[in-house]
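There are structures below to look over.
Across the two complexes that follow, chain A remains constant while its partner is chain B and subsequently chain C.
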Partner chain A sequence: MKLTIERAALLRALGHVQSVVERRNTIPILSNVMLKAEKGKLSLAATDMDIEIVERVPAQVSRDGATTAPAHTLYDIVRKLREGAQIELDAGSDRGSMTLRSGRSTFTLQCLPPEDYPHLAGGELPHTFQLTASELKQLIDRTRFAISTEETRYYLNGIYFHATRSNEMPVLRAVATDGHRLARVEMMCPEGAAGMPGVIVPRKTVGELRKLIDENEGEIGLALSETKIRFAFGEATLTSKLIDGTFPDYDRVIPTGNDKILEVDCKTFAEAVDRVATISTEKSRAVKLSLDKNTLVLSATSPENGTATEELEVRYNAAPMEIGFNSRYLLDIAEQIEGEGVQFAMSDAASPTVVRDTADPSALYVLMPMRV
Partner chain B sequence: MSIRLLPPTLVNRIAAGEVIERPAAAVKELVENALDAGASRIDVVLENGGQTRIAVVDDGCGMSSEELLLAVERHCTSKLPDDDLLRIRHLGFRGEALPSIGAVSRLEITSRPRGSEAAWRLRVEGGEKGALAPAAHPPGTRVEVRDLFYATPARLKFLKTPRTERDAAVDAVQRLAMAWPQIAFSVTADEGRALLKLAPASDRRTRLAAILGRDFADNAVEIAAEREGARLSGLAGLPTLARATAKDQYLFVNGRPVRDKLLLGAVRGAYQDLLAGDRHAMVALFLELPAEEVDVNVHPAKAEVRFRDSQMVRGLIVGALRHALAAAGHRASTTVAATALHAFRAPPSMGMLALQPRPSARELAEAQALYAPPPAAAEPAPAAAEEPEPAELYPLGLARAQLHDTYILAETRNGFVLVDQHAAHERLVYERMKAALAANGVARQALLLPEVVELDEKAAALVAGRAEELAQLGLVLEPFGPGAVVVREVPALLGDKVEVAALVRDLADELAELGEAFALKERLEEVCGTLACHGSVRAGRKLSVPEMNALLRQMEATPHSGQCNHGRPTYVELRREDIERLFGRR
Partner chain C sequence: MALVRLCRDCGAEPPEVARRCAQCGSTRLVAHPELGALAIAHIDCDAFYASIEKRDDPTLADKPVIVGGGKRGVVAACCYVARLSGVRSAMPMFKALRLCPDAVVIPPDMAKYKAAGREVRRLMEETTPLVQPLSIDEAFLDLTGTDILHKGPPARTLGLLARRIEREVGVTVSIGLSYNKFLAKIASDLDKPRGFAVIGRAEAESFLAPRPVGLLWGVGAALQRRLAADGITTIGQLRAYREQELVGRYGSIGRRLYRFARGEDDRRVDPDAPTKSISSETTFAQDTGDGALIEAELRPLCAKVAQRLVAAGLAGTTVTLKLKTADFRIRTRAHRLDRPTQRAEVLLETALLLLARELDGTRFRLVGIGADGLVPGREADPPGLFDQQLGLGSASISSSRALIVKSL
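== the complex of A and B ==
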């Protein structure tokens, strides 16, 4: 394999694939990125056995071939080379090493044979459909904060994507929960998605996916089976295993009869919560909401620091009530609301509260109160 | 095969299997008999770890020839005068020890009742009673056991090395000796070497010091508490005296050494958050309660007992220990100082120093300039310039300097203390948090997806039975059919990474084992501990003299400030005598 490539193009592609590679591996080849040159393109692939990213970049290929080189080292070298530099990669007949030349720098990297590189791709992915980058971004961004990090309930360590019907309309839904709060976002079901099985996309995949979305406009092709999902962006492809588990029946925990409705300007509310929570030194940062006709008093107490209260003008017409929340959870949700107003539908101080964007019905959040 | 009644010798051997499992058990039974006989001195001789010969000689009330014949019969005892198992005032009561020993060894008892002129001797070999013979013996009883377990070769095979068996026997005597300070004990090995020699002691502290060492007696707080007719006394070691195993926890119920789970659990509960999880306190506790409040007839070797009101006993122990330890306040054990003293070394010989060239006058002047204090104006308030407080007023003295930006050196009335500023402040912050937690209750985060935890039926019932208590600590759960509980709320302090199922399982195990749920409290305290660690003054931070003094004053006012959250000392104290000793002035 011999080729010449522009630094920026190689750096960009390496940047995508190297983040999948774990820093420490028990299988040596998993630390490597697979490089394959053919037909005027260099394809780079990296995997951790759960996720695989393949990206192709144009290059001046003078000899086809393939090898695998240490991903993080290669990335660091390319990163430190001068901007606009031309890079020559040469893996000669001696396949144990690859030489990288750029200007006056020469590096020789230890390589492992490409035949040993594990491939995740393969297997039938019967369900295919298209989403725009911004649609997928919405689905992910509004739910990922609620993904659980606790490992015993592994089936909560990801976003649950599934097709269902809402108000008689077919929808594609993304749901995530950590047992304390839940986020549910839906959109019109794209063509071809209606028959898809419900799948749980793992947290790490979500993170990698999110980085790729940022750099790609336009359509993303999704293909999935019950065990794997693939996202195709122009020249890059991300394939991931899915979490093998059953997502809980989340519909059961979304209350429908909450009749105490509070509407408040989202930004004002979030700022007030943030201010009031400053006083509490505890890790749990509890904030109490006291509601009366058209007024909301936010308060927090700390045995060490004292107390804080802030009064807000809101729309509220139900019976007076008090309810406590973890302020971090409130802020997390407020951050997801893009419109001006946020609506809280409550029942009592011990039951789940439903939070919505007043302007946008597609997203819904459920939050459990804190008992102070 | 038809069912038949077993011959009495075999019955006795079976019983012996339970009561006399090793030489130490025989020694314990015989010494207990001597104690019950009202002896004032008891001598034990062990040959070959007790395997070849055990002799126990006392100066107690002795036995007449008729009593002697009865004593080796099964279920014959003088210790249940009114046939009431609910009122057991002696150490023994079942009448099993002597016949059991007699069944598996060559037993020889010589006894002379007090006030009688004649002594009699009786031999029993492998359960076969011999004839009474007149003998010469001072008032009291001498029991000799030769070739223990010769009649049960299987048991003999399972004995450990003579040395191990001997240590176990000495340990058994030591335990009894702790409970009976006014009685003299001795244990002698085959070659006449004294393994234990205890003179009659006037009080318990002296006896405990003789057995457990001066260290323990010096670094333990006196326990004395009474509740509903139960009296607890003894000594509890300071947390800084902790050990790696629970071996040095000596517990006695009505003078009877026990290893009871309830009591051990109570001790652990009392020391909780003063010790790291793998450290164990040293205690010697004596519980006295009316005979009818306790059932000692539950374990063949009487190592376990049952209390009528176990919660009261638990409360008494935890309460008394906590109270005493809190009163000990900032005391750290002197063993810490002793270790520190050993670390000091005399400087290398003076000859070496003399060989070095003397600094020239110029060099000296330069050095002096370097070390000279800055002009007075640059340092507005040196400590001495403030109100001249006498160091005597404070137990932890007045801060004189900070060493390596980590340790505070304070001068006390008769010595100095060295305080680890981070460890000390960490404990102060932690104690403050704990107080806040106790005052305001634990905030609970309700769960959107209640978590069902599968347990076995008994464990589930046990956990659900303590639901109210757990709710106070922030864990709300309910029974969920047989063999499961559903958790609805968790302590908010634990964050969103709490592994509920593992926590509940730990709680269930502890409730079954120790009768109390430590795991939850421990986790809360662990979180507090981490927060305290982050929220406290680190090593490497410069402190001014007023800051250091403020820290010392807070330490004096805060309970448990003598050790950090992991049981390490927060300060060491060197007394003036110690310093003088270091320099050979004493």
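== the complex of A and C ==
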């Protein structure tokens, strides 16, 4: 294999694939990136056996071929080369090493044979549909904060995507929960998605996916089976295993009869919560909401620090009540609300509360109150 | 400063050098120039469990006594007669019995030791309110400002306290007296058993200089190896380095190393020092690598830790699994919970997840479970959305092993 490539193009592609490579690997070849030159393109691939990213970039290929080189080292070298530099990659006939030349710099990297590089066998991915980058971004951003990190609840360690019906309309839904809060976002079901099985996309995949979305506009092609999912962005493709578990029946925990309705300006509310929570020393950062006719008093107490209260003008016409929440959770939700107003539908201090953007029915959040 | 002398048995202050106390005839005299000025003490009961057994059965008085669990356990405590044969606490029982075949082995009676420990603590607390217990049988005491109350300097008060513990509880103690906690703790070990050792300000640095760094609080085997690799084996060698150098090389412990090497320690004797972790462990009847057998041992341990968390009004945010391999290597594995817990099922579920990763054919002799990162109990186990749907208590080692395969 022999080729010449512009630094910026190589750096960008390496940046995408190398982040999949784990820092510590028991299988040596998993520390490497697979490099393959053919037909005027360099294809780069990396995997951790659960996720695989493949990206193709144009290059001046003078000899087709393939090798695998240490991903993080190669990335660091390319990163440190001068902007605008041309880079020559040359894996000779012995293939045990690859030479990288740029200007007056020469590096020789230890390589492993490309035949040994594992591939995440795609298998049949029968369900295919298209989403725009901004649609997928919305589905991810408004749910990912609620993904559980608790490994004993492995089936909550990802975003659950499934097709269902909402108000008689077919929708595609993304749901994430850590058991104490839940985020549900839906959109019109894209063509081809209606028959898809419900799938749980793991947290790490969501993170890698999110980086790729940021650098790609336009359409993303999705293809999935019950065990794998693939996202195709122009020249980059991300394939991932799915979490082998059953997502809980989340519909049952979304209350429908909550009749104590609070409406408040989202920005004012978030700023006040943030201020009041400063006093709280507990890990849970509890904030108490005391509601009376058209007034909301936010308060926090800490045995060590003292107390904080702040009064807000709100819309509230139900019976007076007090309810406590984790302030972090309130702020996470507020951050995802783009409209001006946020609506809380409550029942009592011990039952789940439903939070919505007053201007946007596509997203819904459920919060479990805290004892305060 | 004038030399101060003290008789540890009657509290008399002999005016001049003498072999015996003029008042009571005791030979247990201490003399130290700073004796009147030092007020921080570390009191450590001598071979506590074994001493209690000897107290309760006078026929054991001159026999080697080992307290510990069965042939496979370890030595929990051994009397000074047994120590003559080389027996040490924490030594595996088989090894102890090889060294001292005629030892009388007594299974531990924790309830009895706890009762005696409480008695000792009560006598300490009658002496000064500033008692910081470290375990059932040792504590730091700060006697600053008690001179008027006890009509004498702290050294004399301590001598009398030691005698009172002997008479009322029936066990002996060793006392270390100095001007800070770290030196007091070192001192209590110098003259065991029934000792009284003093480290004053004047000699602290020269006393410490030739001693191994392992003597310092917080310097365990791992740090000792790192220090040795850098050519530091004695405390005196530490003094060649600036504070920033030590912090740069060894992290925050570096600050402590710098100060300790100069005999400085500004930690207070804190009677309310919070509990840092609650744990429980057990040694198996036979070494095993079988997950199901280890799980069976873990269940009651988790229940016990949960009970103790509830009793103490605390909740754990981190679960720590401890395993000791058949060749006595210790593995500890920790998992941070999303939310604090005091429930046995959560402890077990988490412990099993950690355990499943360690089942690689290695045979283990001990398992332990601990809850760390303790927070007030009212923060424990907040109600969740799926509490009814996702029942707890169904975890088993086989489901945990499957789970590791499933989680990406």
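Definition applied: the second predicted complex is superposed on the first by the 371 of 372 C-alpha atoms of A that agree within 3 Å, B and C clash if a C-alpha of one lies under 4 Å from a C-alpha of the other, contacts with A are read in each partner's own complex, and residues count from 1 in each chain.
Simple rule for what comes next: a contact is a pair of C-beta atoms (placed from the backbone, for glycine too) under 8 Å apart; a residue touches a chain by one contact, two chains touch by 3 or more.
Everything numeric in this text was worked out from a predicted model, so none of it was measured.
When the two complexes are overlaid on chain A, chain B and chain C occupy overlapping space and clash. Of the two partner chains, neither chain B nor chain C is touched by A:331. After overlaying the two complexes on the shared chain, residue contacts for A:14 are found with neither chain B nor chain C.
Contact with chain C, but none with chain B, is seen for A:50 once the two complexes are overlaid on the shared chain. Look at A:304: by the touch rule set out above, it reaches chain B but stays clear of chain C. When both complexes are overlaid on chain A, the residue A:59 reaches neither chain B nor chain C. In the superposition on chain A, contact is made by A:154 with chain C only, not with chain B.
After superposition on chain A, the chain B segment that clashes with chain C is 277-285; the remaining candidates among 61-69, 277-285, 349-357 or 457-465 show no clashing C-alpha atoms.
On chain A, the surface patch touched by chain B in one complex and by chain C in the other comprises residues 148-153, 177-182, 248, 253, 282-284, 350, 352, 366, 368, 370-371.
Within the complex formed with chain B, the chain A residues making contact are 148-153, 177-182, 248, 253, 281-284, 286, 301, 303-304, 324, 326, 350, 352, 366-372. Residues of chain A that touch chain C in their complex: 50, 148-154, 157-158, 177-182, 202, 204-205, 240-241, 243-245, 248-249, 252-253, 282-284, 350, 352, 366, 368, 370-371. Across the complex, chain A is touched by residues 317, 335, 337-340, 349-350, 353, 375-376, 378-379, 382-386, 389-390, 395, 403, 406-408 of chain C.
Residues of chain B that touch chain A in their complex: 432, 436, 439-440, 443-449, 451, 489, 492-493, 495-502, 527, 531, 535.
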